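Handing you a structure now.
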């Protein structure tokens, strides 16, 4: 699939999304779809760093929440419109990404993961104590009527379709470019990559920044979705786990992996929430995770590849 | 608002807390520090230990810490079993780090959910003679509820470091982390040694779970509060250094306690993790890194 | 030495209190075959790490083609033409043999060539690995892994190749195999520094041998001179 | 390879579209509503599930009670409940599903302020009547007329919350002077402390300590000691269950002995917490919603508890259920009474009926004010007295949790100071 082909598919998906928004289908579709697509963005963004470069970021909630709280700040201070929120949420999270990029200078492997986790805790404490954005009490957003669309559900869904397509296209482009090959080399062996002429630091900074940007983008519309944001749910550990689990289930080395993982696991979680509706939901996630990493270590895409090679 | 008395009390409370943190972190120090197994589910095993203590306490009136000790063989077996699965699924294939992490995350969920299915989501507490009592040593009050876990934590640290330095298996565990070839020449099977070490790590969770429920009420999801702390301590102490783990535990305990007493507790957790971030940036190998 | 390709000038490296390199100086001529030997822990690998840029130095200068590269990051030194192979092979495990070569071809070899795959195949043919071009490194034997290491270094189009114990653990026939490759590379004009414990190989290969011991340069000369040097004997055998 | 990828990519797009379309198709198969459906999300896992589960059980008891009597308007009642995982982010999805796919006639909120908040805009956009189950000041910003809160916080939730505690303190002789405020860094404690600060001013106390702590704190002795160091007459604590236990234990251990202690601790009302703290509770004055005192025996409540405690035993949830369950029951009870009373399923009519009538529920007479809160605050202040050992049975009888406030429900007198009650 050439880049132009991918663009066509991307535009087609967006078209489908808009079409779905235009159709008067059940509004629940938009809400559930929003969450699944949000996970497509998160998983894909995480995978740029975790899958391509091999740096496991445990601090996904920090980036997501930073996107959400940047939005809240801008709404509260300037009544900024949604597109501005998304760009700014992404940029602020990208800055944090750049910061953790410099951490990779000294920290590898699990140390890096733990540092990102610690960062998340510190950031959460900051937000808890920052009354302007609601602090520990949380922030209630009163939504005006949805502009251009007939409801916020449709608007947010359509927006997420666009964001997901853009994120996936960007990730795919990177994966197939010299940057992607360089990242793969440094994931396999950083020292050897550097000695083969790969500017590892610059590539890592690029990956952490870009990954942070899209994680922030995923969080930026969140206040409009829930209308009530408080630190413990914005910094929910689930984001860290899902960001990691979805690409693992789908496969981490290609752009398709996180998309498949996010759609499968995200949909499964949505369905479980409204059907099984008990602890079993979480249990399923746990069992699926364990089974997958044990039985299909390269994820679904890896499994398919292996079957095809036979 | 500062008095020397308050400072002394804060430091003592921090040391007590640190002793307990050491107990919770020891297992991770062993499994993560020495075996390089990122057992993120360790706090979940701790909670499992806490529930064991709760069940024995509420149905037979057994002392929680005694239960913790009694259950160690069971937890050892559990740990050994988990390691076997981990080994054959990941380590042998040489792809442990990332997938292993997800494996343990899954395990953490399974334990949490299994507990809440069986025992519900109510806060669980235990009763013991020493809970709620304290002694006063020259103006410094010491609560038994914290003193007992601290002492047990120190004993556990001591026992573990003696085990590692004085026994054949202990030295073999230390060897596993450094030179597997030499280990084979010694006639020890690294997988067997690692199984034993992992089993001990989880056995420690049994005991530290009992300590945890002595200190504060427990629900199945309490483990999440400890994931960060435990790994912070292990990393801060320097991987694989039992003494370092103890020192790091006490540093964290005292930092939290001092913040809480003198400046307001709101920032205590952030300060702990700030210390960790700083330590990682300045000295990635931790305070007593190998 | 006016025509020195690489000039190491009083390089010092400390690890904590341990002095790993003590003002080591060394020149390498273009086209030369230099052997670098010394007992374990003498600082050979540290010196190589300083030259390749993996470690920062604590003193002294390193010049390449007359240009000071002391503060240059490793990947830029590679682009200038200093390429090393690793003692323990460090292949890119998720890539095929051919793709392994693609990384240096894309990142280091000037200029970024479109015929990358063809160039990579040529190298593999020369080294005798072309049959395995589409295998992952996991499917290679020990000797093939070493060859891949060399082939990948080749793909970076080096002017100076530093071969770090490329023959440890190989059979005598395999050692000859690798030596033949290195000789051929040298004939193509590539300067080679060989670090090796297998004396037979170093002595056969090198035009000049430098001996390090405890971070100091203790001897230098032709292989024949080094064999007769009492200081070298002392360093290796102890007193 | 590339061809296959393309195929897979398209298959994926198809799968997404298919899934969404399928979910959408549900609309068309939704059958004509025969029973009256009431939908809600409830915390069955996560942080608040210890309360969420009993609350759902209470609502189910109400459904069974109603159906036994022939349903509402002659139609049976059906409940549809999903697990919100104590996660506000699940709420929009759950309620949209309830309203659009399950086609419920009415919704009831989940438990807790955080889970009610995301429901507000959804309800407002559709002009639904919502019964809120224990949220603090949810309607403050929205001022939505069809919102009703069963928590008896009163017209000004933040300020009314601790009024009783402060009135009791101010009435003592000699009047206490200094106060320490301490609470967790979370939604409810922040509200409660904010309200308490206002009351401190109103009653003329002097604040000598005002700090908050992170909810994941392990050891509370440093906090208790810092408070002890400024020796306040009053200690007001706003906390969640684990920290409530931590504060009570730490205070007992280091001998923090203010003249009056308690206020806004969540958790002391729970049976497991009461039985494990035992005598340590003696003397604490704390808010509550119900206690087995003679003044609180409203019609129907005995029968409710009989049924609840029977079911709770099987389900392994709070065995007494004095805190949340009767209020959860009353919330739906009011909804049912309003449907019957207004003889209509129309959201607006039901809301009008609720707004303009007084209801006799198992938690007593309830009338709502203009902001949907109880017209008059009925947050109780109780004092734990004479608790011996850790036996659960003692909490079933009157005299252990004595109601001190408000006046009309008073069932005993305060033991003052705090230390006197601990003997």
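Note that the chains take the letters A, B, C and D in the order they are written out, and that residue 1 is the start of every chain.
In this section, a residue touches a chain if its C-beta (ideal position, glycine included) is under 8 Å from a C-beta of that chain, and two chains touch if they have at least 3 such contacts.
Please read all numbers here as calculations on a predicted model, not as lab measurements.
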Sorted by label, the chains bordering both subunit B and subunit C are A
Of A-B and A-C, the pair joined by more C-beta contact pairs is A-B
Distance between the CA centroids of subunit A and subunit B (whole Å) is 32
Expressed in whole Å, how far the mean CA point of subunit A lies from that of subunit C is 43
Per the C-alpha means, the centres of subunit B and subunit D lie apart by a whole-Å value of 35
Rounded to the nearest Å, the gap between Cα centres of subunit C and subunit D is 72
Shared-interface residues of subunit D (touching two or more other chains) are 45, 47, 185, 212, 214
Each of the following residues of subunit B touches two or more other chains, namely 113, 116, 266, 269
The positions of subunit A in contact with two or more other chains are 125, 128-129, 279, 282
Every chain pair meeting the touch definition is listed as A-B, A-C, A-D, B-D
So, in the complex, the side of subunit C touching subunit A is made of residues 52-54, 73-76, 78-79, 83-84, 86, 90-95, 99, 102-104, 106-109, 152, 155-156
Subunit D residues touching subunit A in their complex are 2, 4-6, 8-10, 12-13, 15-17, 19-21, 23-24, 26-27, 44-45, 47, 81-83, 85, 87-94, 96-97, 100-101, 113-114, 117-118, 120-121, 125, 141-142, 184-187, 189-191, 212, 214
Within their complex, subunit A touches subunit B through residues 50, 54, 56, 103, 106-107, 109-111, 113-115, 117-119, 121-122, 125-126, 128-129, 237, 241, 244-245, 248, 252, 279-280, 282-283, 285-290, 292-294, 297
In their shared complex, subunit D is touched by residues of subunit B numbered 1, 3, 5-6, 9-10, 13-14, 16-17, 20, 113, 116, 119-127, 131-134, 141, 143-146, 215-217, 219, 221-222, 225, 253, 256-258, 260-262, 264-266, 268-269
Contacts from subunit A onto subunit D in the complex sit at residues 1, 5, 9, 12-13, 16, 20, 23, 25-33, 35-36, 125, 128-129, 135-138, 140, 142-143, 151-153, 222, 225-230, 232-233, 236, 238, 256, 259-260, 263, 267, 270, 273-274, 277-279, 281-282, 304, 308
